[in-house]
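Can you read through this structure? Questions will come right after.
Should a chain be cited, it is by its letter among A, B, C and D, assigned in written order, with residues numbered from 1 in that chain.
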Amino acid sequence: MTSTTDQSHLDAFYADVAAYDLQPLWTQTSDLLPPSPCPSAVPWLWRWETLRALVERASRLVPIERGGERRVLALANPGLHGLPYATPTLWGAMQIVGPGESAPAHRHTAAAIRFVLEGEGLWTTVDGDACEMRTGDLVLTPSWAFHDHTNHGSVPMVWFDGLDLPLVKALDAVFFEPYKDRLQPVEAKNASESRVAGRALLARGTQVGHDGSPLLVYRWPETDRALDALLAQDGGTVASIEFTNPTTGGPVLPTIGCAMHRLRSTTVTTPWRKTGSSVFVVHRGSGVTVAGSAVLRWSRGDMFVVPSWCPTYHASLEDSDLFELSDEPVLRALRLYREEAVPDARDAAELWSSAVSG
Amino acid sequence: MTSTTDQSHLDAFYADVAAYDLQPLWTQTSDLLPPSPCPSAVPWLWRWETLRALVERASRLVPIERGGERRVLALANPGLHGLPYATPTLWGAMQIVGPGESAPAHRHTAAAIRFVLEGEGLWTTVDGDACEMRTGDLVLTPSWAFHDHTNHGSVPMVWFDGLDLPLVKALDAVFFEPYKDRLQPVEAKNASESRVAGRALLARGTQVGHDGSPLLVYRWPETDRALDALLAQDGGTVASIEFTNPTTGGPVLPTIGCAMHRLRSTTVTTPWRKTGSSVFVVHRGSGVTVAGSAVLRWSRGDMFVVPSWCPTYHASLEDSDLFELSDEPVLRALRLYREEAVPDARDAAELWSSAVSG
Amino acid sequence: MTSTTDQSHLDAFYADVAAYDLQPLWTQTSDLLPPSPCPSAVPWLWRWETLRALVERASRLVPIERGGERRVLALANPGLHGLPYATPTLWGAMQIVGPGESAPAHRHTAAAIRFVLEGEGLWTTVDGDACEMRTGDLVLTPSWAFHDHTNHGSVPMVWFDGLDLPLVKALDAVFFEPYKDRLQPVEAKNASESRVAGRALLARGTQVGHDGSPLLVYRWPETDRALDALLAQDGGTVASIEFTNPTTGGPVLPTIGCAMHRLRSTTVTTPWRKTGSSVFVVHRGSGVTVAGSAVLRWSRGDMFVVPSWCPTYHASLEDSDLFELSDEPVLRALRLYREEAVPDARDAAELWSSAVSG
Amino acid sequence: MTSTTDQSHLDAFYADVAAYDLQPLWTQTSDLLPPSPCPSAVPWLWRWETLRALVERASRLVPIERGGERRVLALANPGLHGLPYATPTLWGAMQIVGPGESAPAHRHTAAAIRFVLEGEGLWTTVDGDACEMRTGDLVLTPSWAFHDHTNHGSVPMVWFDGLDLPLVKALDAVFFEPYKDRLQPVEAKNASESRVAGRALLARGTQVGHDGSPLLVYRWPETDRALDALLAQDGGTVASIEFTNPTTGGPVLPTIGCAMHRLRSTTVTTPWRKTGSSVFVVHRGSGVTVAGSAVLRWSRGDMFVVPSWCPTYHASLEDSDLFELSDEPVLRALRLYREEAVPDARDAAELWSSAVSG
């Protein structure tokens, strides 16, 4: 028991501590050092219908102009206090460029990936290399590479944007520079694909290193075949492919990992958790993801978020493909990566049975 | 000019966007993607007299107990909205352990370093290896290593604590575990120093890798001699030593870099800036640091913070030693590190001359 | 001038030096330390007709048995004093396995690659993974992997074997072990191709590292497309592809590099030299290679050797593909790799013009 | 059983094979692929008295001149067919430079280390950095670094030279270049020691990488203290220290590993074998090394060789220090390193008991 005198001494002490821009640890140890991660981000899902309709309205209402730069709607995780971030480290968003439109050339230290949801005829130019984008393709924009997008087609082009922007911002390392003109000159077309021209084949002299993959586009047909081959080989119902930097075997970008998961119909994955957060984009199929106490029902084009260390499993209602964007490379590089099968998955299983019957 | 009708459409659109947990990029592009980093942390200094007096009061008022774990006062950067963080990635603090006291054994994924400011007779045990701590020593506590502190001496022991806690928390990767007993058994004394037993000499079989240095203590006399040797060799007035992991040549810990800078009296360093933030502890001497528009006058025991990309130079009024804690390894690992001499240092020079005459 | 007395002292001295198993450096400095490499291996070519006819004869005369292990004829460089080596570091050979035959399972620390010259229906099993071999395929046998070959087809199968055996032998690091049975059980078919299932796509959990590529087979159609794509992209007449370990971007094996060079008809490559040696196998076309003072005329199926630092260029008489096996990874790993365009290529050009007119 | 006709066909076949510069594998499989390494190099020892007397005679008889370059007597392993090599990969030798003498500046791609046996007052200049050499010091000459030696003292300087010359020669990668003058200008004195100025302390900006250690001299007093500290810590009777490149934790040079072993009096080490070869130099004490079936009795200044995979143990008759030069980094880089305690050490133990009683 603290006496009144003691308490008044303590009160005076804490007041002085605060006055000098200091804070005691001992009064907040359990908040600062919890037994395991307590993310403020929450599992959350955004529906394709909503997203698609809203970018369509944006298309009519908002031009793409220098200054605003991009017609993009960002996923704002309700747990993140109003920030336009999907998770504490990842930016997830939907972008639309209409026929004949272009998005001006610029570069930034935040790195980006695109996963194409709809359309054809758009080319993104990355440091002079014009890359055609088609549905299901994964396209990279490494840190500090100039990039612009031009829709040469006759339909709107819609894609998912994933960036490490929240992380780069937290590290106070954002630099941005507009290109001197609206668009870069095109020096080559799909050149990165000819330098990384097959399975483990590199053009002699291809630049190697951990700054980012020299391959800028990962085509859907190849991903599709890879997933089928893996399922056929293993005779299983789940296959997971990592998109890699072919010169290191590591992630496509230093801060961003990309994967594609294929689930045969009515497959339930092992409950699992890992440090770091993910944004999923449903490329095909439908199902349910149980993430902690959240039950997220998804179908094509939906996007959802799983926070760090959240026990998670996916259950497919039909053949499904889930694209995953994650900050796993960051956790690994800083030696903070952990993963495990969730020790007791009974709660998860119960949630699932209530989910499918719900 | 937007017509009233258009504006009402826009208003409705933005309302819908917000209702669906989305945010437009184009209205906040310049905030999210500034030309160069705009840290909210500010350059700031905490005085030794203040810190020393407050930990002394804490010593009398607050016992070291399980739950609170440590008697620590954390630097709370005024720009960081009330968080107990020195910078967005770094925790800086002062800790005191009185004669006969001990701080209970625990471990956490946040990694720590100690830089000893005052006292003798305290031993910190890191995974069974008891390390004696003396003034000027740098002592490591790698991620997830059990550690406790016991003061066997007759005077209070005071040191600077540096951790990557804000970063690990931002990544939602904090794990914490108390040791089953108050203190670990001591299995060896200063064992890490006999395995890394000299300049580039490793005991055969020493564990190598990037998880953290196998050397846990960097003794002040050796640091002192190294700085003198470097000054003597180069004939200069500034010398900078990096503390390294001798099995990689890299930083002492994956997320934390440590350096010591020696400035001969009345030396002014080149104005410089780099991505990532630093906490400085004045080990010896006095001087002024100009960081952006802030002028920080320092003397022995003071601690100060320099945010990311902030043009900075130091000017010594007497022979001085500055210990620096930084997140440079994080920026480097994620390929976000940049540094440069500040292009136009005239303003800095003027600030300095007004500072010394002030 | 040395006096008679001096000379007799010297003679006595040199006799004593030799008697004690010593040798003076100063009498042989220029041999031991020449200005640039002086290989004893010579540029040399072996003809397909010869090789094919001889392995055919071997097929009739020599069974494949435990003890002899393989029906292989090794290239014996005339400069290498009767050793069965193509170069000081590389073994090159032709192997034949007839219909219904098998070569018994064993493993060795020397690493191997196969480049298929003729036939179909043979499967090589590498640590349980049965890999089908077809003309133009590159197939790996990493160090210490059990392997056996079985011809399930109706025609003989003929391929080029490349090994690092001379190097491993020079390092006194050859280990060899027969498998307990004649053949290993087949656990999977072409499994490595489903784990490395496309351009920079890895099955999650694929083993990474520098011990050797997880991809065991590089299929000819993919190589062929890659070379065409590269030529189309660059608009040139020469394209070079490196076969890589997709988990490192480095060589297929720690000691062995493989490449394929495509030359459009009547193309002459830049005269070049590099440290380390190569064995070339002509996969398609015909032409001339000028290596030092040697002029090697080649057509399909021929094999030829280029020693270290030998100025070399290739000239195609028709569209040609040259497979290259080299020890470049060894030179690189030991920091002894050098390469350069040959400073004065006039002699080479003259050699070439005399070659084509010859 | 082979019929006469068959045999004549075989004879004709083998004659044709040989005529076309080919060799069958099957007739020599067991020689080329033995179960475990069969070095031709043998365990061998050279006595200090012999070596010292012979270099003394060389000193009187042979000047140090451009062309001969160095007054060096090389260990010629009797198993190596008259080559001046200690092992298939390592050159070991004794060098002497008398008072007032100098050895001219040159460089070569073969890398070198010196281990000083006797004398003082000699400086070796390595790329402009003059390094003082004292008894017990280890001094590096990285590949392609200009170096010369000048004896400013009053007594002869004698040291052990270790090089990777046999390896570099086997790889046909020897380049040699004399410096334009007899000696290089001295730009700094012992500069490498001030940049690597203590235990895991690097001057900021020190060049890092695997080309070789930035520290050129490892001083005996520091080695001596390190060995004592390690013995004191572990309470054992054997301590082994690796000399390292402090920017990588790896070997001092890409191809050369250096270690020092301290054995307390009457200590017997565990019988051991490893791939790759070593040259030992006895720095202090006396004892016996049993290497395979060879029993090598040694005392101060003796040098001896242990071939690859040769079961080996050392037994000290008094407190002893053994310096070891090895090619272990080569075996490790090429993934060919293996080591193990010798499974059945009884033979070794018997050899030893007969050795000490002999």
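Everything that follows uses one rule, which is that a contact is a pair of C-beta atoms (placed from the backbone, for glycine too) under 8 Å apart; a residue touches a chain by one contact, two chains touch by 3 or more.
The structure presented is a predicted model; accordingly, all values stated were derived computationally and were not measured.
Of all chains in the assembly, none touches chain A and also chain C. Centres computed as Cα averages put chain B at a distance of 44 Å from chain D.
A straight line joining the Cα centres of chain B and chain C is 53 Å long.
Taking the mean of the C-alpha atoms as each chain's centre, chain A and chain B sit 30 Å apart.
Residue positions of chain A touching 2 or more other chains: none. The list of touching chain pairs reads A-B, A-C, B-D, C-D.
The touching residues of chain A, when paired with chain C in their complex, are 188, 190-191, 193-206, 208, 213, 215, 218-219, 222-223, 225-227, 229-230, 232-234, 239-249, 252, 259. Against chain B, the residues of chain A that register as touching in their complex are 6, 9-10, 13, 16-17, 20-30, 32-39, 41, 44, 46, 50-51, 54, 57-58, 61-62, 65, 67-78, 84, 88-89, 93, 108-110, 143, 165, 167-177, 210-212, 254-255, 275-277, 307-309, 327, 330-331, 333-336, 338.
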